[in-house]
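What follows is a set of notes on a single structure, which appears directly below.
Note that the chains take the letters A, B, C and D in the order they are written out, and that residue 1 is the start of every chain.
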Amino acid sequence: MDLYEHQGKELLRQYGIETLEGVVATTPDEAREAAEKLGGTVAVKAQVLTGGRGKAGGIKVVKSPDEARDAAEQILGMDIRGHTVRRVLIEAGAAIATEMYLSITVDRTARKPLILFSTEGGVDIEEVAEKSPESIVRLHVDPLVGLLPYQARELRFSAGLEGDVAKGVGKVLSNLYEAFTGADASLVEINPLVATEDGRVLALDAKVTVDNSSLYRHKEIAELHDVEAADPQEQRAQEAGLQYVKLDGDVGILGNGAGLVMSTLDVVAQAGGTPANFLDVGGGADAEKISAALDIVTSNPEVKSVLFNIFGGITRGDEVARGLMTAIERSNIELPIVVRLDGTNAEEGRRILAENTPQNVHTEETMLDAARRAVELGRG
Amino acid sequence: MDLYEHQGKELLRQYGIETLEGVVATTPDEAREAAEKLGGTVAVKAQVLTGGRGKAGGIKVVKSPDEARDAAEQILGMDIRGHTVRRVLIEAGAAIATEMYLSITVDRTARKPLILFSTEGGVDIEEVAEKSPESIVRLHVDPLVGLLPYQARELRFSAGLEGDVAKGVGKVLSNLYEAFTGADASLVEINPLVATEDGRVLALDAKVTVDNSSLYRHKEIAELHDVEAADPQEQRAQEAGLQYVKLDGDVGILGNGAGLVMSTLDVVAQAGGTPANFLDVGGGADAEKISAALDIVTSNPEVKSVLFNIFGGITRGDEVARGLMTAIERSNIELPIVVRLDGTNAEEGRRILAENTPQNVHTEETMLDAARRAVELGRG
Amino acid sequence: MAILVDNDTRLVVQGITGREGGFHTGRMLQGDTNVVAGVTPGKGGQDFEGVPVFNTVEEAARETGANTSVIFVPASFSADAIFESLDSGMRTVCCITEGVPVHDMLKVSDYMRMLDATLIGPNCPGVISPGKSNVSIMPQDIFLPGNVGVVSRSGTLTYQIVNELTQRGIGQSTAVGIGGDPIIGTDFIEILKKFEADPETECAVMIGEIGGNAEQLAAEFIQSEMKTPVVAYIAGFTAPEGKTMGHAGAIVSGGDTTAQAKSEALRAAGIRAATNPSEVAELVAEALRKG
Amino acid sequence: MAILVDNDTRLVVQGITGREGGFHTGRMLQGDTNVVAGVTPGKGGQDFEGVPVFNTVEEAARETGANTSVIFVPASFSADAIFESLDSGMRTVCCITEGVPVHDMLKVSDYMRMLDATLIGPNCPGVISPGKSNVSIMPQDIFLPGNVGVVSRSGTLTYQIVNELTQRGIGQSTAVGIGGDPIIGTDFIEILKKFEADPETECAVMIGEIGGNAEQLAAEFIQSEMKTPVVAYIAGFTAPEGKTMGHAGAIVSGGDTTAQAKSEALRAAGIRAATNPSEVAELVAEALRKG
C-alpha cells in the first residue's frame, strides 16, 4: 500500500525525522488559508500516488496566499499519469543548501534491507545510477542484527559528508530504519533529503510503501487506504480478495494463480486475441469469490468473451463450478464463457457443469484449445 | 552487580511484571508504619545479597503492625552468611494457590539465554533438579531472534499449565525476557512465581544480576550499587579497577591476569604457604593502579610477606616497577616483597628496581622460586 | 533419489486441524506421503484421520521421528511456525501459507543462514517427488514418476506444465514450487543446484515470471555450473509495465524484467526458453532425446 | 602450517591510533606481522608508523587486501567493531578489549553462526604463530617457533607457560588466548579441532580455569576425537567456593567446577593434567618424547 506524501511525512515525523511544516488542502480556499497561516513563500504540491508530478506541473512555489489559491486551483483536478489530484500539500519554505537522496528497500536477491544514499538528490535515482553511479552508496542491513553504528560511518565517509550534515544524515538514517521496520515498509524513500543553510537535515518529500500482508498489525496505516484513488473495479476486486488488473483487450480472463493467469494472457495473445484483464481468484477460492470475480470481469463493456482457466490445487474444481453457475444465474451473463477445469476435484466440477450447462458456457480440455475458442467466440 | 530483592522487583514492575505491594524499612518503627499502611498480614523480609535467608530466620510473616515492628527489630542487624541486614522489605499478603520457578540466565556453552521453569517453586532449583528433573522445562532463546510465541507454548504444554495460570505465566515470561535483555542482566530469577487463588500470577521474590560491563548504559542501575554491603578493601579495589578477594592466609599476592594470579595462589600453596588474597591488577595497569593494589594487599594485618608476580603483555614492566617504587615510598611498607617480573618491558622494569631497590624488596627469576621465597620470608 | 522429499520423509503437518491443513492432509494421506504427525496447539492427544495430533512440533518430532514439516497456519502465525519447526530439528520445511509479512520473512531467512535446513515458500504449493512423497497442495494425480525436475515461482502454472509433461509420458523426479513472494526461503539457483547433484534428474524445467532478476541470475548459474539440460518458461509476455500481476514479485518496473528480456537472457545463455506451457513439454522431450 | 594466523595474514588494526592499539601495533610491527592497515574513524588518510590509516574497515580491506583484524577499541564500541570487521570480509578477528557487555557478545556470537569466520576473544591476548605472524598483545620474545599448540582462557598464564616451554627449547606452532569472558567467540574445542587438523602441531596444551564446564566438554572431545596428545593445566586449586576470581568466568559455584574436579575429569579421560606451570612443560616434553 502506497502512502501519499503528506501521510508518509506524518509517519516519518513519528519516527523523529524532521520535515517542513505543511497543511493538506482539498479546495483553493483551503490552500489560501494554509498559505496565510504558514506565511512567506510556500510550495503547493499535488498529492498523487505516482511519480513525475514535478514535470507534470503538479508542484508550484508561490509567494503569497492568493498565488497559493491560484496554484491550487490549477493543480486540483489535474490528471497526472492517470491519477486525479484530489488534495494538495501546502508546505512552508526553507533555505536549502544541498539536496541528497536516501531510501531503504527490500533487496530480494540478498534477502536483506538495502540502503541507498546519494549526495545527488532531487532527481530520479535511476538517472543518478546511470550518470554518476559512484555517487550512490549501497549498504545492506542484516535483518536480525539491524542497522549498526559502523554502517552510518561507512555511509558518511563514502559519501564524504562532514560536520552537522554528517551528523544529521546519520540521525535520519537511524530513524528511517526504525520507520522501515516499525511500519513494515517495503520502501521508504526521501528524495530530496535536504540540508538547510542553518545546518538542519530534513525530508522534503516522502515515498512510503507498506507491505499489504502486514496491514493487520498496522490498523492506523490500513485506515489511510484511499478508496477514491483506485479504479472502481480494481477496488471491488480488492475487497473481494481478488487480484484484478484492467487491460485494453476484449477477452475477459479469470484463472487461479498469478502465473497461470499470466500464462493464459500470453496464450490468448498467441491465439490472436487481446486480453481485457488479468484476474487471479487466488488459492482456495470458494463459490462466492468465483461469482464476484465473474461479475467484475464482465462489468467491463469491452469484454466480448470470457476465458475461465482453473487448475486446482488448493482451489477445488467443484467449488469453482458451483461459483460459476451461481454467478451466471445471478448476473444473467449472456457472453460466451469458455471453461477449462483441471486438477483437484476437477471431475466433480466438470460433472456439475455438464449436468446444468447453460447455452453460453463451453468447456475445453486444454489451455491452448480454451484460449483459441475464447478468441474465436469473442469475434462473434 | 546483584540487586536487592526490592530493587529487583522494582525493575520487574517496570517491565510489567506484577508483584505484591511492599515498602522498604530501615528501622523497626518504619517497619511498623509500613505494616500499618499495607494492613492485614504482612511479610518482613531481610534484604541481603545472599540466598538462604529464609532458613536463617530472615523472613517472618506477621499479623499486626506491632508484630512487624518486633520482627524487624530481630531481623535488622542480623548476620546472614556474612551479610549484615540493613533493610527489610515489608510486603502485603496474598492467597497463594501454587508456587512455581522461573529464571533466565546466560548459558555459556550454548552462547544463548536459557529459560528454566518449574511448577515446583519456592525451593532451591538445584534441589528440584536433583529430586524431580522432569519438572524442569529448559528453553534456549536465540539472541538475535528473541523469545518466540511457540516457546511460550512449549513451556506451557511441557509444564502442563492451563487457563489463567498458563496465560499469566506466558505474559510474565515475555516480560521477564524483556527485562533480561533490557537491563543487560546475566540472571533474572523469580522464585517463587506464584499463582494466587484469584488467578493472578506474580513475582514473590526477585533475584537480578546485572552485567557489570554494561553498567555504563544503565546509569539508574549503577546508582543502586550498595557500597555498604562490600568489604571495605574489596570496595576500594573495585573503585581502583582491581579484582581483589580476601582469603584466610598470610602471603599477600598480586599479579596481572586472573589466570596467572590463580596459578600463583596454587604455587604458593604447593610451596607450603597460604594465600592471604587474590588480587588481579588487570591488563595495562599503570603506576597508580599498582600502587593502590599494593596498599590494599598490605592493609590486611594478617599479611606477613607479599608476592608480586607480573608477566607483562598489555601490562608494561617499567610501569609496574615505577608503581611498586611509588607505593613502597608512599606507604612506607616494610614487609618483605618478592618481585618476579617478566614479559613486555620487563628488562626496563628490572633495571628500575635494580637501580633503587629498597631493603625489603627481593627479585626472583621464576614464579616457582618467587613463591618459595615469599613463603620463606613470611615465616620470618 | 529425488530432492528435498522422498521415501525417508516423515511429515508433520502444522495446522492439521484447520480447514486447508485438514483438506490437504487427507489428500497427502491418499498418496505416498508418510504423514506421521500433526500439530495444533491445544489439540494435543486428538487424532486426525489416524494421524496423532500434538501441541508442539518438538513433541511431535520426539514422539514420531518427524523430519519434515508443512505449514498451513494463518499468515500472522507463520513465521513463528517456521521458527518452531526449524528449532525442533525439521530440515525441510514447506510453508504453504499466503500473505506472510515481508519483514517476518526477512528475519526467518536470515535465521536460515545459521542452519543446514531448507525452507520452501511461503506462498507456495510445496514439493512433490512422484511415487515417493507429496508435501504439497499440488494435485498429485497429474504427476508421473520420472527424471525431470521442475522448479517454479508459480503454483498453478506448475500444474499446467507438469500436466503437459505427464500427458506426453514424461515423468518428474521432483517438482518444487518456490513461491512468488518477495522474500522466499529458497530460490531457483538453490533448487537447480540440487537437481544438478541428483543423479536421477536428467532435465530441469524452470518456470519464471516477470519482475525481479531471479531468472537472469539463474541463467548465469545454469550456463556456468550445470551439465543437466534446462528448459525455461517465463510467463507474462503480455503484462503491461508498472502493474502488479498478482504475485507480489510479479511487477514489471523496467525493461529488463519483462518476459521478453528474461527469455532473451536465457537464450543468450544457451538455455531453451519456451513461449507457452505446451512448448515447454516439447522442448523437454527434445532435450531428453538429445541427452 | 600453524592455525588462524600465518604468513598469509594481512592485518588491520581497529583503533590503531588509541593508546593500547598504538603501543601494540608498534610491537607487532617489530615482529613478523604484516600490518597492512589501521582504522580510526575520522583519521583516514593519516599514517601510523608507516601503516596507512582508514576511516572504515571496508575501505582498509579494499585498499590493502587485509584479511584479519585485531580490535583495540573501547568496550562500548567493540561489538560494532566486530560486526564491521566481519561484514568487511575479515575471516579471523581478535578482540583484545576487556569489558564488552555480555548481551552484545550474545548477539555477535549468534551472528557468527551465519559466517565461516573465527572470532577470538573478547578480553583475550590474541593469537601468535611464532616466526609467522603475531596478532596479539603477547610478549613475542618469549615465543619460539615449533610444534606445540597452546590454547588458554587466561592471558598472562599463557605467557608463563609458553615461557616454561621455550626455556626448555620446546617451540610453539600457534598460541591462542581465547579469553575469560562468559561469552567468547571461540572455545577450547574449536581450537583443539584446528590443532588436530594442523599437521605441524604435534602436541597441544590446554590451559583452563575454575568455573564453567568448558574443560570437561573439551576432555570429552579430546578423548573421542583427538590423536594429538594434549597436556592440560587448570588454575585455581586454592580458590574458595562462591567467589569470583577476576575473570567473569572464574567463579566456583559447585563441586564439579573446581580445579580439582576438572583435573580429575581430564585424567579420567586419559589426558595429562599438570598442577603448576612448570609441570606443564615437563609433561609436554614427555608427550613429545613418546610421540
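By definition in this document, contacts are C-beta pairs under 8 Å (C-beta built on N, C-alpha and C of every residue); 3 or more make two chains touch, one makes a residue touch a chain.
Keep in mind the model is a prediction, meaning the values are calculated, not measured.
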Chains touching both subunit B and subunit D: A, C
Taking each chain's C-alpha mean as its centre, the one farthest from subunit B: A
Computed distance of Cα centres, subunit C from subunit B, in Å: 53
Centroid distance [mean C-alpha coordinates] between subunit D and subunit C, Å: 45
Distance between chain centroids, defined by C-alpha means - subunit A, subunit B (Å): 57
Where subunit C touches two or more other chains, by residue: 107, 110-111
For subunit B, residues that touch 2 or more chains besides their own: 142, 144-145
Chain contact topology (line, ring, star, complete or other): complete
Interface residues, subunit B side, partner subunit D - complex: 106, 108-109, 111-113, 126, 142-144, 181, 184, 186, 211-214, 216-217, 243, 245, 247, 255-263, 265-270, 275, 278, 280, 282-284, 310-315, 342-344, 346, 366-368
List of subunit B residues in touch with subunit A within their complex: 144-145
Complex interface listing, subunit D residues touching subunit A: 41, 44, 55-59, 77, 80-81, 83-84, 87, 107, 110-111
List of subunit D residues in touch with subunit C within their complex: 110, 113-114
Touch list for subunit D against partner subunit B, complex: 20, 24, 27, 75-76, 96, 98-104, 106-107, 109-111, 125, 136-139, 142, 152-160, 163, 180, 182-183, 187, 207, 209-210, 212-214, 217, 235-240, 243-250, 254, 259, 275-278
